[in-house]
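Each of the next two complexes has subunit A plus one more chain, namely subunit B in the first and subunit C in the second.
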Partner chain A sequence: MELQAVLMAAGGGSRMMDLTYNTPKPLLPVGNKPLIWYPLNLLERVGFEEVIVITTKEVQKMISTDPKVKLDVKMKLDLVCIQEDADMGTADALRHIQQKVKTDVLVVSCDLITDAALHEVVDLFRAHNATLSMLMSKAHEFTETVPGQKGKKKTGEQRDFVGVDGTGKRLLFMANEADLDEGVVIRKSIMRKHPRMHIKTGLVDAHLYCLKKSVVDFLADNKSISSIRGELVPYLVRKQFSKSTNSPKVIDETHQNLKKNDSNVNLEIQISSRDEELLHLTQERSCWNDHRGDMSDAYHGGRLRCYVHIMDEGICYRVNTLAAYIEANRLAPKLFDEPAVHPSAVVSERCLIGADSIIGASCQISDKTSIKRSTIGVSTTVREKVKVTNSIIMHGVTIEEGCNIQGSVICSNAVIGRGADIKYCLVGSAQRIEPDALPFETLLRPPCLRSTLTPTSTHRSTHTQCLFKQLNRNNTCLC
Partner chain B sequence: ANRGGKQKKGNVTSEQEEEEQPLQAVLVADSFNRRFFPISKDQPRALLPLGNVAMIDYTLEFLTSTGVQETFVFCCWMSNKIKDHLLKSKWCRPTSPNVVHIITSDLYRSLGDVLRDVDAKNLVRNDFILVYGDVVSNIDVSQALQEHRHRRKVDKNISVMTMVFKESSPGHKSRCEEDDVIVAMDSKSKRVLHYQKTQGLKKLQFPMNIFQHGSDEFEIRHDLLDCHISICSPQVAELFTDNFDYQTRNDFVRGILVNEEILGNQIHLYVTQDGYGARVSNLQMYDSVSSDMVRRWVYPLTPEANFTDQQGQGCTHSRHNVYRGAEVSLGHGSQMEENVLIGRDTSIGANCHISNSVIGNNCTIGDNVVLDRAHMWNNVHISSNVEIHQSVVCDGAVVKEAVRLNKQCVLAYNVVIGPNLSLPEGTVVSMHHPEEEEEDDDDEFLSDDQEVGHTFNPAEVGPEGKGYIWKASMNDTEDEELAQCLWGRPLSKQNVCKVVSFQLEVLGTLQRGLEENIVCDNLVLEINSLKYAYNITLKEVMQILTRVVLEYPFQQQGTQLTTLQYTGSLLPLLKTWSPVFKNYIKRAQDHLDCLSAVEELFLEQDTHQTAMVKVLMKMYQLEILEEEAILKWFSTGATNDKSRQLRKNQGLQKFIQWLKEAEDESSEEGE
Partner chain C sequence: MYHRYVVVALSRRKPNEGKELTKEEKQRLRKQKKHQKKQKERKNEKGPSETEKDKTPVSLLPPPQPVATQKAPSALPAPASAPIPVPASAPFHSSPAPSPADKPAKSKAELKAERRARQETDRAAKQPGSSSSGIKTKVPLSELNPVVKRLPEHVQVDDPAVVKRLAKKLERQQIPLRSDYGYKVSLFSHLHQYSRKAPLTQLLSIPSTVIHPSIVRLGLQYSQGIVAGSNARSVALLHAFKQVIRDYTTPPNEELSRDLVNKLKPYISFLNQCRPLSASMGNAIKYIKKEISNIPSQCKEEEAKTKLLTCIDRYIEEKIVLAAKAISKYAIEKISDGDVILVYGYSSLVNNILCEAFEKSRKFRVIVVDSRPRLEGREALRRLVQRGISCTYVLISALSYILPEVSKVFLGAHALLANGYVMSRVGTSQIALVARTYNVPVLVCCETYKFCERVQTDSFVSNELDDPDDLMVTRKGKTQLENWQDVSSLGLLNLVYDVTPPDFVDLVITDLGMIPCTSVPVVLRVKNLDQ
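The block that comes next holds the complex of A and B.
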């Protein structure tokens, strides 16, 4: 076995609390499949037979009991639970399963939806005997209107600066704008080795990493690192050029220091592997080199190397915000070939269903209904004369006659009363919308219905808006 | 292009004008520095021979072949010689496609002066090419020129300059550290965002504002060789006039980039992959450009092409890049291995070994001579059994029997060396005495003066030698530095030295204070005077002071101290010197600076981190540091992983805890 797959599925989805209030993030339906299915499917497609899934007890329970959550994968899932309240980061989680890690690992996040060719990342890892290789993609603009969000885009977001070499593969620099008070600082020695550095912003990190086993061991020794993306990756990128990792002598010295002084925090990564000597010999004997221009050895004698594969085209989304969730739902049908309408759904012949919509299992769709560019979840009932456009309807929702739903997200088990008119709203799970309750046509920007009590700024702003529009009389706005 | 009829008409006429107007160039035949002293005391740099052709001829040939029809040559230093040379050359013949105007003035002191004069005289009417008289290039800039014009049309004259670079990786021999630049550019628009010389820098800093131009892809390039060819708009000359403090192109580029938002001017770059372009800015570059020339990298400007079209300059090219002029005689058993250029009427004795060298006209070379990477100009006389490695021998020099020139030697005009002498590496010998007045330009007069004033030192130049070691100047440190970097070695890192020597001085002061029991007030006085002498900021003083004190035990007793020994010897010292500290640490910021200096030191001395708590404790007890400052430092000062790690030290955390509790108590008491 060359690589062990590890799936990180314990995140709470803190950036989309409205959705994850009742459903844990890994089980959010995207195109009528739980979110976690997408990375699992990705791994299965490339031939993994076993995957370690790090998740919470809640998710584990739901996977094993809830019939609606059908994972539909043949791989052997090794579920490892971690405590929810322990506030563990991804690196903590990796440290948690260190005993299970026997070889190099491929770490995937559960919110990744991509059609990337995974072998590109792994090939970089193999070809360069890399310590880390990761996947990134050009950021996509979200086109859909997002319920509850004012304005088109949050401006002033902090950008990530990613520096790659001339080939666009070797990862040389990584920092967030927030940490760059003094501007981008790069050592001249790095520029001498890699004279042409492309600095890219506007990339999305797919949170997919190939890591050497030694990195996992390093994590076990170095408990202060808690997040892979936030701490480990920047650390490894920096370490590529530090002197101590590159000259074996110094490593020995630091290790002696370590033995003397256990509280010493300056732990070094042991990069050598079993075949190190042989590899070294091959490198010495071959005339292959990774760079041109000067006469120094391949990789300039460096032993720690980080690579990145940047996707130019294709789908790569991380479903960690509401906007991304909506976008992913829109794109999900394109990712797999399954009939848009589930065979077990009961669909009246006198209704209109657009080709870009998905109807889940055991749905009931009545006459004179039109559904366009929408996803209808499992066991949802849609009655007569309903119009659904650009919306996501989760499981077990009941939509009564004559409703008009546009650009909204309706969470599980909600009931939409007769004749309701909902535009650009988010309806929390198990909420009831009263019949004829919402004369929403007059509203220009009515992102109002919310079920959860999250003290976010968007919440507050919508709340004031609700008060202003005096919608509280219906007692439906639960701001 | 669909604008009003009037404008359209205007556009058409201007386009026609553009096409009709000849391409102009400004050639600056002066370097405005003394890098080639003492050689350039006798001959301006632009006239120094490279591959037996004056450098300015290469520049003019490059300009002509790229389509320039009118060139203004600006001369200052020894302008008469340049003028004579040009008047005799093919450029001033009536058939020349490139009309050369020579403009001389003794008042030019910099490139800025030249361009201000260009503006004042209203010489250029359109985009022009700006080069120095020592640029050797075969780049076809018409592509760059097209891009430049296109940009100016599209963006309404925003782009004022396009700099031409050649791609060559660091470590390439045509790059010298002195001219290394780092360029940050926008990948799509090829706009220069940041331009900096990197000599002496360890870290390269790019301000954030350059990344805020809406583009999401930038490039930082260190693989560019500055060819010192720039395509300028007429605005460039005006901008130099407006900003009378711009002296060099560097000033200009930096000024434009910094004031980009105010003036709205931009600079772009053009990168060529296959052309050749380099400026001979020092002898190291001279060496590499000359060897590139012989190795035919500057094709079609090759030695046998005789592009200057002068009689008798022609030579033949045979394999291994061996070029021979007319009437060259080669003695029995002599070998010209490879990359050798020999001028006309030169005779070489028997059993010589010549490789990678250029030999001028009318030279005589004796028997058993070894020449490797030697650059010999005209009328040089070399006796037998001489060995020369990577050196320059100027016109009229005489090297006597059994002399050895080691690497990077320079024999300036008419010097005589030997016999039986070995010149150490980097020796520069000149007929000019280093102390001679700079204003004395007249050769004849000088040589008279020398014979009266100074005598040659036979230990330096040999028993029959004539000349002075140039770098052995007694009083003029500037000259010494220049002589040393004649070959392009890096200048001394002045700023770093400043701090280091200040640190040593402070250490010395404290040491003496301890030995002689000097009162702290006097120590403060002394450090203050040092501060002014070395021009050090107050912040640096404090950081250095902290560092010196904390390192004092290591300094005295070696670095193998255990933590216990270290604290044992340090704590009494802190007590002794606490008045000194108190004198410098007053404001809140001072406290934080001091703390960060402490932190920095203990990050370096990571085996002694446990001692840090004790030091902080002592400093707190001595009332050097306030608790608020310590708490603030602890909570906010962490900037990287290591310092975060440091803060997790148990002892330190206990100390902080204790401080917090103490604070609570005292505030309770206060209530």
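The block that comes next holds the complex of A and C.
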């Protein structure tokens, strides 16, 4: 077997608590399919037959019991549960399943929605015998207005600096703004080997990594690394150019030193493979070099190599913020060919459903409704004369007559009373909006003590006694 | 005509065998009549000659005749089948369809067979030991059946029947078919032309189950040019086969010697799709297949596997590493102090020779000639300068300017063909030609495992077409040939190999010694006898 797929689905979705406090992030509906379906579909299309899914007990229960969560995948899913409150990072999760890992791994995150050609990433991994190969994409600005946010505000997300060489494939430098004190510091050894480096900032990390098995074993020994993205990847990128990796070590010695319990247990010991002499002979006789202009051999004699494939076109989203969630809902339907209106939905004759809307299964859409650029979830009831524009309506929602919903997100099992006019709001799970309410740019969630709106109230305010006040500053809650 | 000889032969028979002979004669008559009936069915045009055969007398039937008549019908299908493979193997002569060519050919062959039968009876009549006639009649039969070699499929791309056959074979082996790219120059339309941007792996599933992962990795490295050069490719191939053998387990009810060879076939097709196999790789594969089939069936799996692994190691050690040492030893004798040596492109063997000569403190300098688009000479230059050898670097267009300075030319080879031609990187024949004009000795260095039984006199018949997009150059941000596909009258040709005639090569240095170019078939014959 060449590669094993590992899907990380234990994340909490800490940047979109409004949506995930009730539904775990892997099961959030995007285009009426659970979020976890997208990476699973990607793996299935590419040809994987088995996936190890690391998730929480809650998610596992919901997958097996809830009929609305149908995963529709033919692959064998090996669900590994971890404790929710254990606060495990992605690297900790990999360490947890070290016994199951028999070959090189492909780590995917559950919130990745992409149509990338995975063979590009894996080919880099194979051809150059790389230790790490990852996927990145050019970031697109989110154009949709996000409910609950006053205008366009930037949370000041920390930028990532990614340095690649002239070909655009070899990863030379990776750092997050948070880790840098004054400026970007690049070591002279890197500049001597790669005098031309392109540093890019506008890239989205797709969190898709091909890692060699020796890295997983290395993680098992080094328990201090807890996150793949935050710690392991920058460590590997730095280690490419460290002196110890490149010094000509005698291989026999390193085999004998395998038992040493050094905390910097050398990654390069574990990289050496059998028949090293033949590989060395091949490289010696081959006339290929990855760079030119200096006197060194291919790869500068280094044995640890990190590669990146940067996508120019195509869809690549990580659904970890509300803005990304809304954007994904708009674009996700392009990824699969199912009909926009589910055959089991009961749609009356005199309603207007736009071409880019999706109607889920078992819906009931009554007369004179207009649905544009929206997603209607499973088992939702929409009564007469309702206008839904630019919105996401999840499962089991009831929308009474005469409502006007614009640019909003209505979570599962909510009830919107008659005549409500909702603009750019986020209505939490199982909430009730009273008839004739007019919320504007608000977020409604429990467990605020008074979570119903009175008629004619249109205020937006921050309620200091709300239990959710620690979330983000611009969280508006109506009590 | 026929029975005259019959009468002569019978006159020597003993008279008291007459009665027994009559019974046997009757049986033979019956057989003969049956054969004649069959012959009549086959050749209806030949009226007069058959009536002659009907006139054979009943009583006079010598032993050779049934053999002769039996031989005649069996001789007929043989020459009839001989013309059929000839049109099939020469698709370039597209005009004669096989069926009309059969009938006149059959009649000619028939006449030939009859004539031969008569000659045989003649010879049998002259000699008393008539039992040997049976053996003698078989000798012309084998001459009638020549060993028919079919053209390999990768040089018949413009023949749709062959392409279909290849597609079916690949489908059976579950390997995707790589499609050709771009406009092919008409002279080379019978060869494959692939694009590097469309690798074969995009059609495979990612955790490759059909093909062993090390073979997938090897195929990728071949198609991207990471492993390039005849020796490197062979070593990498053998390394990958070692992994395959290590991971192999014999399925129940199968023998390792047969099953492993069958397992290797789809891998070889896959590698062929990624990049056409080189002659050295072909020889290495033949060796491995022979070794695998020679494993005795009572050998246990583990034992067999270790035996194969040691065989592979020994092959590499003997044919590549030690051969390089032997060739360097011979070649260093030819390098004298004060020499100016010209090398072309990158040849691992020639580089090895020069580095060893430098270590043995010969004083010489090197001129490295390079050519686009591969520009492999840069790598050769780097390795020589790293050792401390003083080098000059020119492009092939400056060849005639620097040749007056040169005292010797050392060339590497991709393969040495059976008629003495040298197959090497494109441009080598030019170097040899210009060197001959300037009377500079040309020495080709080649290991014996690269000797090939193929015969080729030009570079068109069998070659390799590389990605035409490699010929595009970007200078100052502008690529002039960017839209070459849109220009209907433009075709880009990126040839990889060419053949140098033996008249231009003065000496071939192999691990068996220094031989002239025309002695290659001798070496091949000796090698075949050894095996």
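The rule is simple: the second predicted complex is superposed on the first by the 410 of 479 C-alpha atoms of A that agree within 3 Å, B and C clash if a C-alpha of one lies under 4 Å from a C-alpha of the other, contacts with A are read in each partner's own complex, and residues count from 1 in each chain.
Here is the rule we go by: contacts are C-beta pairs under 8 Å (C-beta built on N, C-alpha and C of every residue); 3 or more make two chains touch, one makes a residue touch a chain.
Quantities reported herein were computed from a predicted structural model and do not represent experimental measurements.
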Review point. Who does A:Ala178 touch here: subunit B (first), subunit C (second), both, or neither?
Key: neither
Exercise for review: Could you look at A:Lys200 and tell me whether it touches subunit B, subunit C, both or neither (first, second, both, neither)?
Suggested key: first
Practice item. Return first, second, both or neither, reflecting whether A:Arg292 touches subunit B, subunit C, both chains, or no partner chain. Key: both
Practice item. Please work out whether A:Ala355 is in contact with subunit B alone, subunit C alone, both, or neither, and reply first, second, both or neither. Key: neither
Practice item. Could you look at A:Arg187 and tell me whether it touches subunit B, subunit C, both or neither (first, second, both, neither)? Key: first
Practice item. Give one of first, second, both or neither to describe whether A:Leu118 is in contact with subunit B, with subunit C, with both, or with none. Key: second
Practice item. Could you tell me if A:Gly163 is touching subunit B, subunit C, both of them or neither one (first, second, both, neither)? Key: first
Exercise for review: Mind sorting out which residues of subunit A both subunit B and subunit C touch, each in its own complex?
Suggested key: 292, 295
Point to revise | subunit A partner contacts - residues on subunit C that touch it in the complex | key: 199, 201-202, 204-209, 213, 216-217, 220-221, 224-229, 231-232, 235-236, 238-239, 242-243, 316, 320-321, 346, 348, 376, 378-380, 382, 385-386
Check your understanding: Can you name the residues of subunit B that touch subunit A in the complex?
Key -> 168-172, 182, 184, 187, 198, 201-208, 211, 216-223, 606-607, 610, 641-642, 644-646, 648-650
Review point. If you look only at subunit A, which of its residues touch subunit B in the complex?
Key: 161, 163, 177, 180, 182-189, 191-192, 195-202, 224, 231, 235, 257, 260-261, 263-266, 292-295
Practice item. Can you check the complex and tell me which residues of subunit A touch subunit C? Key: 1-5, 46-49, 106, 117-119, 122-123, 126-129, 275, 278-279, 281-289, 292, 295
